[in-house]
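In what comes next, subunit A is part of two complexes: it sits with subunit B in the first one and with subunit C in the second one.
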Partner chain A sequence: MKVTVIFVMNLFVLTALGDVTNARSKNRGKGSMWWGIAKAGEPNNLSPISPGGVYMDLSSAHGTLRRKQRRLARENPGLLVALHKGANNAIHECQHQFRNQRWNCSTRAFPRGKNLFGKIVDKGCRETAFIYAITSAAVTHAIARACSEGSIDTCNCETHYKGRPHVSGNGGGAAVAGVRDFEWGGCSDNIGFGFTVSREFVDAGERGKTIREKMNLHNNEAGRWHVKDQMRQECKCHGMSGSCTIKTCWMRLPPFRVIGDLLKDRFDGASHVAASGHHRNNNNAHQNRPPKNPKLNAISSNSIHSKRENRRKHKYGFQLKPFNPEHKPPGTKDLVYYEMSPGFCEKNPKLGIQGTHGRLCNDTSMGVDGCDIMCCGRGYRTQEVVVFERCNCTFHWCCEVKCDVCRTKRTIHTCV
Partner chain B sequence: MPGTILENLSGRKLSVLVAILFFSQLGCFLVGLIAPKPANSQGILATVCHNNKTAAKDMNYWVTRNCERIDLNHVEPGLTADDIVFVLQMPLSPEMDFSRWQQNLVGILQFDLLYQKGLNPVDFIVELTIDARLAFSDKKRTGGRTPWTYYAHSEEKRYMDCNIDLKNIKDPEGYPYNCSMVPLFELGSLYHDYYLLNIRLPYNEQQMKNVDLRKIQDVYLHLIHMNGGFTQVWVSLKTFFFPIIIGIMVWFWRRVHLLSRTPALLEYMLISLGGTLAFLDLPLEYLTLWFEMPYMLLLSDIRQGIFYAMLLSFWLVFAGEHMLIQDNGEKNSIKLYWKHLSTIVTGCLSLLVFDLCERGIQLVNPFYSIWVTPVGTNLALSFIILAGISASMYFIFLCYMIWRVFKNISIKRSVLPSMSQARRLHYEGIIYRFNFLMLATVICAAVTVISFILSQVAEGQNKWDENMELELSSALHTGVYGMWNVYICAMLMLYAPSHKQWPAEPICTEGEEVEFSRLPTDPTPNEISSLTSFASKASIE
Partner chain C sequence: MSIIPEDGDLEEYFREYSDMYYEETALDIWNNCVVLSILSVVPSVLSLVVPNLVFGCLVSTGFIPLSVLHFSTGCIGIYLVSTLESHFGKIVLLFCWIISYVLLYTGFQLKKYSKSSISLKLTFIILLVLCEYYLIEAEVWLQIRGIVMVLVMKVLSLADDINKLDAMPGFIQYFGYTLCGANVMFGPWISFSDYLNFYKKPTKKNLIWICAIVKVLTTSLFFLTLSNCWSGYIISDDANRWLIAYKEAFAFRTSHYFISYLAEVGMIAAGFTNSSKRDSLNQYRFVITEPLEIEFPSSLSIVVKKWNQPMHDFLKKYVYYSWLGFGKFYAILATFLISSLLHGLELKVSMVLVSIGVFSYLQVVPRDRIAEIFDYCVRVRPCKDCKHKYKRDNIRVRIILLIYSLATVFHLAYLGVLMDPSTNEIGIYEKWQNLYFISHIVMFFNVMVIL
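Right, the complex of A and B next:
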């Protein structure tokens, strides 16, 4: 009952918003409806022992999925659990990365679909770019991890030589062929599967026609590439007498925190792209804009000619242009945005911004967590509190941290 | 007068033979292209399960993936190290099973440790105590699986280097350490269909077990197995070469025995070289499809070792026999080369001892590693260093001998113009063919080294978006293997005694050419090629 009410409300809000801005924005969050999966089902009920049960629990999320996404979930049992974990990792990591900033990546209590992160995602700003990138990266990471865990059955082993990872082996023939492939050439890396499935799933709603969709696609792709490029290779020699006549290497999945840090760096240096480029296709965009700067053209054509970049960048066949023609066009791993971020200082219910009232800040810092910036010049309250902290800790495997309790006086600053 | 086939073969026949050998060499390379890469790995994330402390004392108690799970990121209070068991089921997917074509299994553990504020040094070595138990299970004919059965158990120590680069990390809390991998086990035969590994990390402050361990986020096991496709191609290559080399050996030995003399040293060397190659080619791998042979890894090391030892000795003797360290008329024997050969023997024996210490003990305990204890490490290193020293001594000897052969030849070359036309052409031909074979050896050695480097590079490369189905490293392996087979076949064929008589030679009685004329009453038994006799006469001079 509650769910339906919220759904109806959301619909209402959506349409209302659509009226306010323009018809285009209706489609804005279409591809990100799946975020709702993060809050679908209680984590306690997620017992990975019985995939059937999980499927039932997460089926409440099914309504928010697009047809293609539902198909992927159906064909890859265990995928929804991985997505659920991935989405939660994304939220957790986003909040960790932004804990000291005006915008702190807050999620809403009863979110549904794309409104998980509030309506900030309706704007094509930096924060939105980060959200798209981190969710897509988290999903890639979570799927690859679930593959190594054995909780998705359709990972690479069976489909090694078919090149279509999302096709599940239903029917005995396919399974036998899979076993034979495994016997012949082993399994390939899971990250490939994670990358492909994540691309199919996360990008399902984006057609890449409007600037917003292009931005989403670009940021999704950037998130995935970060995961892929952070894979570290390790090798082991196992030839004659353990020598390196035969050497086998594998890729090691990076911990997600590493990716979060990198994406945060990209957020700080995100590329502002030109919003006017949202034509039907790329060629038109090229023709409609007379080359203002021959140097820029040279740069972009260079990047197209460089083979590797080319293959990476033009999966969807578009190249975003920088807002400032003097700048380089955004690379694969850059985050892109085309609208300026709203102010996060004051509460803005329309965009779901909570403001920085009552946030903690650091009075000595000159950075974004400093009180000057955090409190937007409103000033801050200073309190002295006594805190009991853990100190002189020693760790005892498995799960015990033995610490002394230290009593320290701390000065706390809170924004007015 | 016996010569070798190499000298008496016409240029056309020689080129045809070389062409045939070249094409079979090319075939070996091409056949490697259809094979997948030699070995593959599979990363398996350990399932963290609740351990039944009392039941765990029983060696036949197995925790499978259908267990009560623990989330290491949110542990309930009161959980101790003894409550946790890491479960790894191999292969990962339950629908897959290992094939015996996959030959062997190597397991490597990777621990993801997390930094926690206030208690960790930046750089440290963890002494891990791992209680590892391995079980196996097989597919039943009627469907289903046999119950898990005990295979091996051991409590092992391992060392793991961990570090974290705090300079580049803004907030290290919850950041992972960069830890080295931990080799865990090596199975010489992959006889069973499924394996199950239960790992416990006991904690004991008194016995210093796992006291340095940090918060574990994940435990991965990287499994390396040979690829079935590669084994199939490899074994077929062996099956192809084995009868050929046996046939050539029989033919060679019969030809030697047709002569009215005892075989010369070089002929003995050639036949034993053929023998070791035949032993290497013997496709014993077929037996692993029916029998459990955990000693296969050791055996294949020994087979390769014997072959290399023989090949190195052959080169030495080959160079020596063309240089003359013997006295006149006396039959050459292997004893003359004891100084040089002892380097090979020392090197190979120390490698054998090292191998027996590592892979020999692994027959009993697959979790054993010689590198864990400091004593073992020193022992292993000293054996390897000894082998290295012998190898360099050997190469110094070999290079010196080859240098002397070439010096001899060049001295004699200056004498050549004063010889009669027919004889000069003849000797020039011999020198040319000898050089040709030396060149072949150098090329083979160079190709081996280059392909080794190439395969290292190819394996080290990060291939992401390449859809290349071709696997170069397999082709390099089969190519090199085929090359040495072809090389030895060629040696056996070209150095077999020829039955052809020498062309009628003008008998000269004047000048220094008399030195080169053959006395029919002087068939030195070690004179298998006229180059040798040419060189020996040169030294009499």
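Right, the complex of A and C next:
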């Protein structure tokens, strides 16, 4: 009950703050206000009366959205639910990837839009780069999934088949034995839809003028390209004794964990780019083409005019220069940053860093999760606590895993 | 592991916790794999079924001249082949078809001089091997190999039949038989006499016939989705090596069932049948493979037999029996050799075939020996009126049979892994090494039983 009350209050603040923040002169990350969606409409806030369920509650998040984002949400029913799910996936995945690091991707309990991840996003450092990449990747992933589940009407499979006459035909002429021209179509193009909607929605507030905006755009793109590249076509031959008379193809959207792992690798090898000066646009070097996708028109046909199309090309057509001129310029899937990360050891209210006080650590590990590194040499406390664990898991046909909850005593180490 | 601040929201905690692990769900598989897989075979299925359906109806009308029917089924075959992607492959097929007729014809004319059609057979076998290794790039060859195999089987059997009957079929009959629209793409092989008999008594065309086609087609697509999608969903990639081996082999087997049932669809649509049953739905069957007997096998020789019944019949009638004069062992050896040659001596397939030959032989002999010594009824082919002391319902007999069944399942997985596309990168030896050569060890024990 308490939670609900605070949540409602929070919404007021959210709505009010939406415009205030936009008006701020130093509007870094103003395009990230939508992160607030993650915490809007928490399950425990669902009103049992409202038939619209999550959607009804999410509509309250409208306040945090920009006009363009609101329009997208209006034109694509079901999009907000997918975004909500995507944003939460991003948080979970971020926290999973950084569970053993000094910075653990903690989120604020009652965030206001972009402040979901704390003020760390005000700095143009690696961590910020990761946050932007993982959120835009998660949104792309969630939208693609929602499409295949049919919960976003504007991208359902049927509408696309109409555009492919040679499949609906009765096997004449072009209807080749499935080999000649297997085209992407139907549900497989969901990833293209996710990609474009993510661009439209997530990048709504980034114009690509300042170095910070370019960094955000680049990292958002990197996240999306990881998802797109992981969406794989798998093909298999069928025929007598291993020959290939018929070829069949299908798609696989990998678990989001795979993308999280890849992005974490990119985080570890992120490119430091030069912060100073505005570089000349260099369209050739950057390969940020939008995915080939005829049916995105479902969303963009009437909303994006050719003028905008030009502007968009312009928007992604930049090349960031490496900080060290001898290094290679960052590629499309690299994460970029231009400021050094602050120390995460001590509490720093100015940057919203909580410090590693009280964090769990591993006394035997020599890595970043080891107590020596995690506690920044301050030492650690050892205590015995009761933990809850899932145990005695059994598989029930079909398809459920039921577990007991066990209380076990365990020795833990926490940083002082 | 995690520490929970309050006991109250335990359920909430676990819900959130499990949400983190997003796995591919059955719905994902359905949308991304099942639907797409089926859609990608729709063109092939339609171009196989529709013309053959029309042809089947034409045959049943009974007043169309035979030569027109021969011609039209040949044209369907040409249409089906023309839907192939590679133009070069089509040219090769045309070439094979023309020289097959020329060779048959000259062979028939020269029959006074040489009694057997051995030179014709040799030519084709050599052609197949050359195609596999030298003449055609692998990708094109893979597309047409199945078609060429069926064609070669037809021609080889025809050569023997011509020798026996001392009569050359007319060109139009030959055209219809070799390019028959119902089986040119996916098989099965049928003999020339079966082909001619078909025109004498085609199946009745009614609603039940349509139902039979739909039923077999559904079965076929079901096996397609098993092969493409569900096998990988049920057994994930991080399962243990035995399960993964089973999965790879299972995916190959179900792929074979898919093709076999698809071939059956074409045959039923055209009006062929090989069913002895007379009840309404089952008379419309052209049984090629029997998945249940292969998935739950009693012995490897049953698997070999049921894997592709028409091909088995071909090998038995035209290879095994003609070599039987040299002795049983040589006949079996020749059968497996010819079978490998038909596959163009492709390394993987030949490995599997030779292994199956040896393994199934090494199952037959010890079981005969056990049956003899302990008087158990455990022979591979159940004896008709069993004179053994212990019948099949005896518990010890059952245990032995079960052990052999399980061993066969193992062998199938062990041999089937080779047919997975990954073998091309990993290598045969490494794949088997990964499974500790288990089947070879099992076979060693069987050899011990013999000795």
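Going forward, the second predicted complex is superposed on the first by the 265 of 416 C-alpha atoms of A that agree within 3 Å, B and C clash if a C-alpha of one lies under 4 Å from a C-alpha of the other, contacts with A are read in each partner's own complex, and residues count from 1 in each chain.
Going forward, a contact is a pair of C-beta atoms (placed from the backbone, for glycine too) under 8 Å apart; a residue touches a chain by one contact, two chains touch by 3 or more.
Quantities reported herein were computed from a predicted structural model and do not represent experimental measurements.
In the superposed pair of complexes, A:K236 makes contact with subunit B and with subunit C alike. With both structures placed on the common chain, the touch criterion links A:K228 to subunit B but leaves subunit C unconnected. When the two structures are aligned on the shared chain, A:T245 is found in touch with subunit B and with subunit C.
In the superposed model, A:V258 lies in contact with subunit B only, and not with subunit C. Once chain A of one complex is fitted onto chain A of the other, the partner contacts of A:I134 are absent, as it touches neither subunit B nor subunit C.
Using the contact criterion defined above for the overlaid structures, shared-chain residue A:C391 touches subunit B, although it does not reach subunit C. In the overlay built on the shared chain, the residue A:R145 is in contact with subunit B and with subunit C. Once the two complexes are overlaid on the shared chain, A:V405 sits against subunit C while remaining clear of subunit B.
Taken together, the two complexes place residues 96, 145, 148-149, 157, 175, 178-179, 182, 186-187, 236, 238, 240-242, 244-253, 255, 257, 390, 399 of subunit A in contact with subunit B and also with subunit C. Taken in their complex, subunit B has these residues touching subunit A: 36-45, 47, 65-66, 69, 72, 75, 77, 79-81, 83-84, 89, 91-97, 99, 101-102, 106, 108, 110, 112, 116, 118-120, 169-170, 174-176, 181, 183, 186, 201, 203, 205, 210-211, 213-217, 220, 222, 224-225, 227-229, 300-301, 304-305, 351, 354-355, 358-359, 452, 455-456, 459-460, 462, 464-465, 467, 469, 477. Residues 47-49, 96, 145, 148-150, 153, 155, 157-158, 161, 163, 175, 178-179, 182-187, 189-190, 228, 233-236, 238, 240-242, 244-253, 255, 257-258, 261, 308, 311-312, 390-401, 403 of subunit A are the ones touching subunit B in the complex. Residues of subunit C touching subunit A in their complex: 1-4, 10, 12, 14-15, 19-24, 26-28, 31-37, 39-47, 50, 80, 83-85, 139, 142-147, 149-150, 185-187, 224, 227-229, 252, 255-256, 258-259, 262, 308, 343, 346, 348-349, 419, 421. Only residues 43-44, 88-89, 92-93, 96, 145, 148-149, 157, 166-167, 170-172, 175-180, 182, 186-188, 236-257, 385, 387-390, 399, 405, 410, 412 of subunit A touch subunit C when the two sit together in their complex.
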